[in-house]
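Multiple structures follow.
Both of the next two complexes hold chain A, though its partner changes from chain B to chain C.
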Partner chain A sequence: MGASPLVAYPTDALRQHDPFKRQPLSTNTSANGTPLLPGPGRAQQAPKSLDNLEQMNEDEKRKYVKGKKLGEGTYANVYLGHSRSDPTFKVAIKKIKVQKEYQDGLPPDAVRELKYLKELHHPNIISLISVFSSKDQNLNLVLELLPLGDLEMLIRDVERVSYGAADIKAWMGMLTRAVWFCHDNFVLHRDIKPNNLLIAADGEVKLADFGLARSFADPGHKMTSNVITRWYRPPELLFGARHYSGAVDIWSVGMVFAELIIRNPYLPGNTEVEQISLICRQIGTPTEENWPGVTQLKEYTVPSQVFPVQKKDAYMARFGSVGVEGVDLLAKTLILNPKNRITARQMLEHKWWHMDPKPTRKEDLPRKSGSEADEKAANDLKRRAGQVGEEPDRGSRVARKLDFGAAR
Partner chain B sequence: MATEDARYRESSQFKQWSFSHSQLAALREDTNAKAVSSISERLSERLVSGTGAPSGATSLPPSNNASNANTPDPEGSSPSLPEFLTAAEESTLVTFYVSELLRAGDHAEFSDEIKATAAVLFRRFYITNSIMTYPPQEMLIVALFFGCKAEGAFPRISDFLKTFQREHPEEILAGEFLLFRGVRFSIDVKHPFRALRGAAMELRSLGDIDSKRIDDAERRARQILRFSPLMTDAYFHYTPSQIMMAALSLADRGLAERLIQATFHYVQPQTESEANTPAASGTSGGDGQRSKPPTEDQATIVGSYIRDRVLGTVEACRDLLHKELPERREHWADRKMYKAHILPLRKKLNKCHDPDRWNLVELQRQTREQAAKKADSDDEGAGGGGRKSVDDDAAVFGGDLSGPAATKRRKVGQVKLEDPFGGAL
Partner chain C sequence: MSRRPGAGYYTATAAKPGGGMPLIDKNDMCPVCKMMRYLNPDMEFLINPECYHSMCTGCVNRLFNDGPNQCPYAGCHKTLRRKGFKSAFFGDLAVEREVDLRRRVNSVFNQVEDDFETLRDYNNYLQMVEDLTFDLVNGTETKRREAEAQLLQWEMDHKPDIERNRKAGREAEEQTRRRLQAEQELARQRRIAAIQEQEEEKLALVRNREAVLDSMATGGQRVQLKKRGGVKAADITTAAAASAGSSLLPGSLDVGKLSIRGLKEKKKTAAPEGPYDPFGGYDFVPSRYKVHSGLGHPLLERFEHDRAHVTGGYSLEEFTARAMFEAFAGLGVFIEDEKEVGIGLSAGEVTGMAAGIAATGHVMDPR
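Moving on, here comes the complex of A and B:
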C-alpha cells in the first residue's frame, strides 16, 4: 500500500516501455493505450489482414534496423542495430535461437531474461528497450548497446590496461548497486561474473544476462543448486543447498572483487570437487563450528585436512591494495556461512566507500576501445548463462547440465 | 525507489496492465469491433470465393442467418455473415474459461501462484485479442503451461500432455509464443498471496487478537484470493496489497480495519535499522525485510486523509471480489448454468470465430512456412562459425551426453571456432 494507496492509472498502458528518456521512436498506441489501426504506409510490406497483435509486432519490428552481426552463440545471435527514425540511436539486437534440443517450447533462458529485464530499471542493469518477434517466431530483444566490452577484458589485459584502487572502487560500487537493486526487488541473478558486467560508452558498468535469474522463493520452496558459474559459486551451492538467498550472489560479488584486485580468477577450480578444496584452502573449511548445519547439506564433502578460517592479515597480504577497509568488505563477502555473509545493502553502507581514494568518475575509468570491445560485448550477450569465457584449455567449467524440470 | 508504491509503478503490471474501468471497457469494445470487422472480411471472402471454410463450422445455412438481428452489416450486402459475440458476451466467456482454467490447474495440482499467473495471463491476452480470434479452450491450457514457466517452473511438455490428456505437443506449443507476444512479454505477475501472510503476521504481532480468529481469517482470505480476484478484473484495477486487504476484509472486516488503523498509526521508530515497514504494505508481497521510506513519506502515510482513501479503495475492491466469492466455483461448474448461459454463447462462437486463426497448429504451420520462404534473410552475410552451436545446446540441455570422450571431442572442435566461450561440460 505504501505512501499513496490509490494507484493512478498509467496512461501509456500497452505501449512498449522505453527506459530511455530520449524517445526517438514513434509509438503505435493512442494516449489511452488503445492500439491504433495501421496507418497508411506503415503496413505496406506486411501481409494483408494482420490482427492487433501482429500489427503491433510489425510496428515494433519496423522501428529498428538490424545491422551487422556482432557475434553468434549457442543461445543467441547478437546484431548491431539502430533506430529507423534516428540512426544515431544505436542498439544491440539479441536474437534468441530456436533450440532444437529443447523440445518444451520457449527456452528457460529467454523466458527468465525477458521476465526480469522487463521489470528491472536501474542505471547499472542493462536496459531492455523493446521486444519483437521475427517471422520465424524467434524472439528479438532490443537492448541498449554497451560498446566498451566487459570487466573481464579489462582484468585480463594486464599489458595494456592498468588500473588502481579508485577504479576498483568505482566498478565495485556500480556492481554492488546493481545487485542491491535486484535483491531489493526480490530477484536473484545467479550468474554474476566479470564477463556479465558490460561497460557502456560512458564507462558505466551494467549487469547483464538474466538467463539464470529467478525470484526469491517462498520459505520452504526448493530451488536448484545448479546455478552460478563454478569459479563464482558459493559453498552452499557446491554443497547442494536447495534453499538459499541473495547471499549466493554476494559470494560471486566477492569473487569478482578479489579478481579485480589480483587480476586473475581467485578460485579457478576445474571441477566442483576442486572448487570446494580451493575454498577450504584459501578461505577456510566449512565446519559445524563456523557454519552450524553445514554438514547436513546433501553434498557436503570437504578435504580431510581441515583449514582454519583465514584471518584478516592473510587477506591483507594478498588484497591489501584496496586498503584495510576494502579488505574488511571483501572478507565479509567471503564469510562461509551464508547467514552471516554481508548483504548487498550492508555492503553499500560499508565504510570503504567513504575512504580515500574516492571512486574514479565513470568517464575517467580505464577502458578499451574499438572493435575488440564490440566483439567481446557481443560474445557476452550471446553466451549461455552459466558459462565462463576464454581459455578453453583450462578445462570444462560450464555450470553442470541444467535440469530445468527438477526444481525451480 | 523509496516507497513500495514507487516500486510498483515501475512494474509492467502497473505500466502496461493496469486500467481504469472506462479504459478497460473501451479496450474491450475496440478489440471486439476490430475482430468483428476482420472476421467479417475473412468470412465474406470465403463465401464469395465459394471455397468455404476448412471446418464446416463457418459455413452457415442462410436461413439461420436471416434471423440474426444484430449482424454488423451496414450495407446489407453480406447476408450470410453470422451473428458475432458482443464485448460483454466475450467477457462472460473469458470468465467462464478462467473458471475452467482454475479447475484444470487444481487437477494438475499446480501452486497458487502458477494458477493465478496463468489466469492473469489468460485475461490479459483476451483484452487485446478477441475470443473470436483465438480459441479460448486451447489458450487456457497454453496459459497454464506458460504460467508454469513464468513462475520459474519449466515442465516437460510430455508430462504436461499426459496431465491434460492431449496427444500432440504442437497443440500447446503452437499457442505459447502467441500468448507470450499477446501479453506484450510482461509475465512478471505480482500476487497478493505473500502480502496476506505478512498481514497475518502483523496482526499476530499486535498481541491482543485471538489467534484462532486470525487463522480463520487468513484461511478464508486465501480461499478468496485463489478465486475471486482471478474471476474478476481485480488485477487490472487494484494493487496486490489492495486486493489482499479486500479479501481480508471479506473474511473478517474487523481485522482488516484494525490492520489499516494500526498501519496508519505507525510510529516512527528511533533507530533506522528497526524501521521495517510492515509486510502488510508490500505491493509485491513483501517479507518485511526492506528499506525504510524517508521520513516525509512516513509522515504523509500516517495522515487520516490517506487512510480514508485506502479504506475507500479497499471497499471498492471488496465489492468487486464479492461478486465472485469462492462459493461461485459451484455455480460456474454447474451444468444447468452452463446450458442456460454458456452453451448459447459457445454455439454462437462456433459460428463466428476467425477462420484463419482458430486452428493454432495450422496457424503455426503456415507461419513457419512463410518464414522458411523468407529463408531467414536477416541472418545472411553472417559468416560461419555457429554451426557448432547445436551441439553446445545439446551439451547443456540434452539428456544424452555420450560420455566424457564425446565431450572432449566437442571441446577440441570448438577451439577452432570463432566462439571460444561455451566450453564443454
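Moving on, here comes the complex of A and C:
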C-alpha cells in the first residue's frame, strides 16, 4: 500500500513543531537493516499521540480561569482562579517561573512539589487538583485555595488575635497529623515553619510548600544538610549530618509548637553559628554523653561554655500554659539526639491530646481579623454622619428622574 | 434641547411685541415702577406664569390687590391675578417657564413603562411627549396652540389612567423615602455600635491597668490579692491572662476559655462530639505484612554501626519499612478487573480477593 499523499502531507507539516526528535520518515530501514513498515500507519501514530497529549493539556487548561495575582515569589507566581464550569469552585494557580539555571528542564523544587503533592492526599496537606502547562512551557499547579492566610500571621498579630491552649492543641494536632502522614508515606518535608502552614476556609491547617521535600534516602545515600529554614533547623543538620531521618521534621514541629505558645520565634538565630549557640543555651549543649558520636560530625562546633540539658522545670516556666503533658511533649520533640527524639506516630499517641482542654473545633479556631463586618464598620467610621453606604443597591446609584415638583 | 442663558433666546421664539423679559438681577430695578434695589434692599421680584413678566412686590400689590388687571408691560395684554404671582426659582426666566411647562406636561403624561406592551411603544410615547413639550416651550404660536389642545385632549381622554399613575407615583416616592431613611438608620446604628465597642475596649484596658496597680499596691496582703485575681480572671479576658502562671494552677482555670470568641458556646451545645482522635481517623498499619524489628539484610549490616548514619539519626527501621511497603505496593490491584468490572465489583468479590491477598501476604511475611 502506497503512502497516501493526503495523509503523509499533514504529518510532515506537523513534524515541524514536534519537540521530540524522531527519526526522519524517509529512513525506511532500522539499525539492523530490517525494512520498516512504510506508509501512513506508522507515520500517523506518533504525532497523533502527541496531539492527544497536547489536547489533554489544552482541555485541562481550559477547565480553569486564571484571575488576579495573589502573590509573587522568587520561583513562582500565585494567581486566584476558578473552575470554568463552576465559578464558585475557587482554586489557587501556582505558575512556576522559568528559571535561568534550569532552562533545559523543570526546576527541582517544582518537580519535588509535583511529585509529592500528587501522591499525598490528606485533609491536613494541601491538595493538588490539576497540573497543566501554559504557553512557553510554563508549569501551572492548580492547588486548593486556602484563603485565610497562614499560622505565622496569627502568631504575629498579637493585638488582634488571641488564642488559648485549646486552639494551640487543635493546630498542633493538625500539624502533627500532616507530618505523620508524610513520614508514614516515607516523605520528608524539610521546610516546616508557621508560614508554610496555611489555613483553609473552614479553619483547617494544611501543610504546604513541598519544594524541599524528598523521600527517605536509601542507606549510604547522602542527603543535603542545607535544608529547613534556619530557626527551625535541628542540630544534626546544623552539624552537617548527611544521613538523617524524619526526626528533622519533628524538631521543626517542636519549634512551631514553642512559637505558638510564646508567640515569638523560639530560637531566632541570625547565622548558623548563632543558631547553634542558641540551641546550646536554651536546650543544652550536645555532647558525647547525651548524643554519642556527635563530636565526630563534620561541622560540630559548640560554644566553649557547656550548658547542661534543660530540665522540665525550665520549660515549665516558659511554656506552662499548655499544661504538664504539653510541656512533656514539647520537651520530647526537642531532644538533641535524633535517635531518641519522639516520632510523629509517638507524638500522636501522647497523653496530651486527651487532656483538658479539648482541642478547639476547627470552625471555632481564631482567624485573621479584618473580616467583612469589621471592614464595614471601619468604613462606617470613616464616613460623616448622615451619609449612607456607598453602594447599598442599584436604586440609589442610578440617576433619578429630575423631580420638578421638589424644586418648589 | 439647549438652554442658552439670557432672555434674548426666549424673546426670539415666543416673545410678544415689546415684552422683553429681563433677567432678574440683584442690581436691577423694577421695570414697572423703576424702584432700585439700592433704595429698597428688601425688594423682591414676582412673576406670573401667564406671561413671565417680572415686577416688584410693591407693584404687584398696587396693581392686583383690587382684582384682576392687565399686565403693566407695554404690549402685553394678558389679564393677571394676584393669586398667580410667585417668586421665580430660577434666575433665568426662560428656564423657569420651561420647568413650569414640563411639570404640567408630566402631570398629564405620566404613563410608566409597565403601561406599554413593548419597549418600543414606550419609547415612541416618550418621543411624542418630548415633541409636544418642545412645541409648547419653543414652538411658534400655532404650534403652541396645537400642542396645548393636544394636551387637553389627552387629559380628557385618559383621566382615570392619569389619576391612577399619579397615585402610584406618590406611593413609590414614599417607599423610596422610607428605604433611604432605613438605610441611614442602619448605618447610624452600625457606627454607634462600633464606637461603643471601641469605648468598651478602652475602658477594659483602663480597668485592667487599675487592677494591676491595685494588686501591686496591696502586694503584702496575699489573701486579698488572691481573691481579687480570681474575680478579675473571671471577667477580664486578656492575652496576659493566657501567660504561663495562671494556667499552671491545676483546675483553677479553664484554659480553653481564655480566647475570646463570639458564638462558640452556642455551636458547641448544638453539636456534641466524640472523643478527640489525634490520628484523625487514619491508620497505616499495613494489612498484608508485618514489619518485625529484626528485619535485616546482609547489605545493610555495615550501615547499622556506621557512625555517620547512627549519629545523624538515620533510621534503618524506616528503610526496611519502606522497602516492605514498596515491595507490596500495587499488590491486590488488578487493572484487568478494574477495567472490566469497574465499579460493578461486588462486595463479596472484594472481600474474597482481600482474604486471598492477606493469606499470601502472610506466607510472604519473612520471619
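Assume the second predicted complex is superposed on the first by the 314 of 408 C-alpha atoms of A that agree within 3 Å, B and C clash if a C-alpha of one lies under 4 Å from a C-alpha of the other, contacts with A are read in each partner's own complex, and residues count from 1 in each chain.
Following the convention adopted for this analysis, a residue touches a chain if its C-beta (ideal position, glycine included) is under 8 Å from a C-beta of that chain, and two chains touch if they have at least 3 such contacts.
A quick note: this is a predicted structure, and the numbers were derived from the prediction, not measured.
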Per the contact definition in the header, classify A:184: touching chain B only (first), chain C only (second), both, or neither.
both
Could you say whether A:87 touches chain B, chain C, both of them, or neither, answering first, second, both or neither?
neither
Return first, second, both or neither, reflecting whether A:114 touches chain B, chain C, both chains, or no partner chain.
first
After lining up the shared chain so the two structures overlap, which partner does A:218 touch, if you call chain B first and chain C second: first, second, both or neither?
both
May I ask you to decide whether A:105 touches chain B, chain C, both, or neither, giving the answer as first, second, both or neither?
first
Just chain B (first), just chain C (second), both, or neither: which does A:72 touch?
first
By the touch definition at the top of the document, which applies to A:303: first (chain B), second (chain C), both, or neither?
neither
Would you mind listing the overlap between the chain B footprint and the chain C footprint on chain A?
181, 184-186, 215-216, 218, 383, 386-389, 392, 395-396, 404-405, 408
So in the complex, which bits of chain C are touching chain A?
89, 99, 102-103, 106, 176, 179-180, 183-184, 187-188, 190-191, 193-195, 237-239, 242-245, 247-248, 254-261, 264, 267-268, 273, 275-276, 278-280, 282, 284, 300, 303, 306-316, 318-319, 321-322, 325
Using the touch rule from the top, collect the residues of chain A that touch chain B in their complex.
1-7, 9-10, 12-17, 32-35, 37, 47, 49, 51-53, 56-57, 66, 68-69, 71-75, 77, 95, 97, 99-106, 108, 111-112, 114-116, 118-119, 121, 131, 133-137, 181, 184-186, 214-216, 218, 345, 379, 383-384, 386-393, 395-398, 400-402, 404-405, 408
Footprint of chain A on chain B - complex, ascending
1, 3-12, 14-20, 23, 26-27, 30-31, 34-35, 38, 41-42, 128-129, 133, 145-146, 149-157, 159, 169, 172-173, 176-178, 180-182, 184-188, 194, 238-239, 241-242, 245, 263, 277, 280-281, 283-284, 287, 290-291, 293, 297, 300-301, 306, 309-310, 313, 354, 356-357, 364, 367-368, 370-372, 374, 376, 378-379, 381-383, 385-386, 389-390, 392-398, 401, 407, 411, 414-415, 418-425
Please give the residue numbers of chain A that touch chain C in the complex, ascending.
122-124, 158, 162-167, 173, 176-177, 180-181, 183-186, 215-220, 236, 241-248, 291-294, 296-297, 316-321, 323, 337-339, 341, 348-350, 353-354, 356-361, 363-364, 366, 376-378, 380-381, 383, 385-389, 392, 395-396, 404-405, 407-408
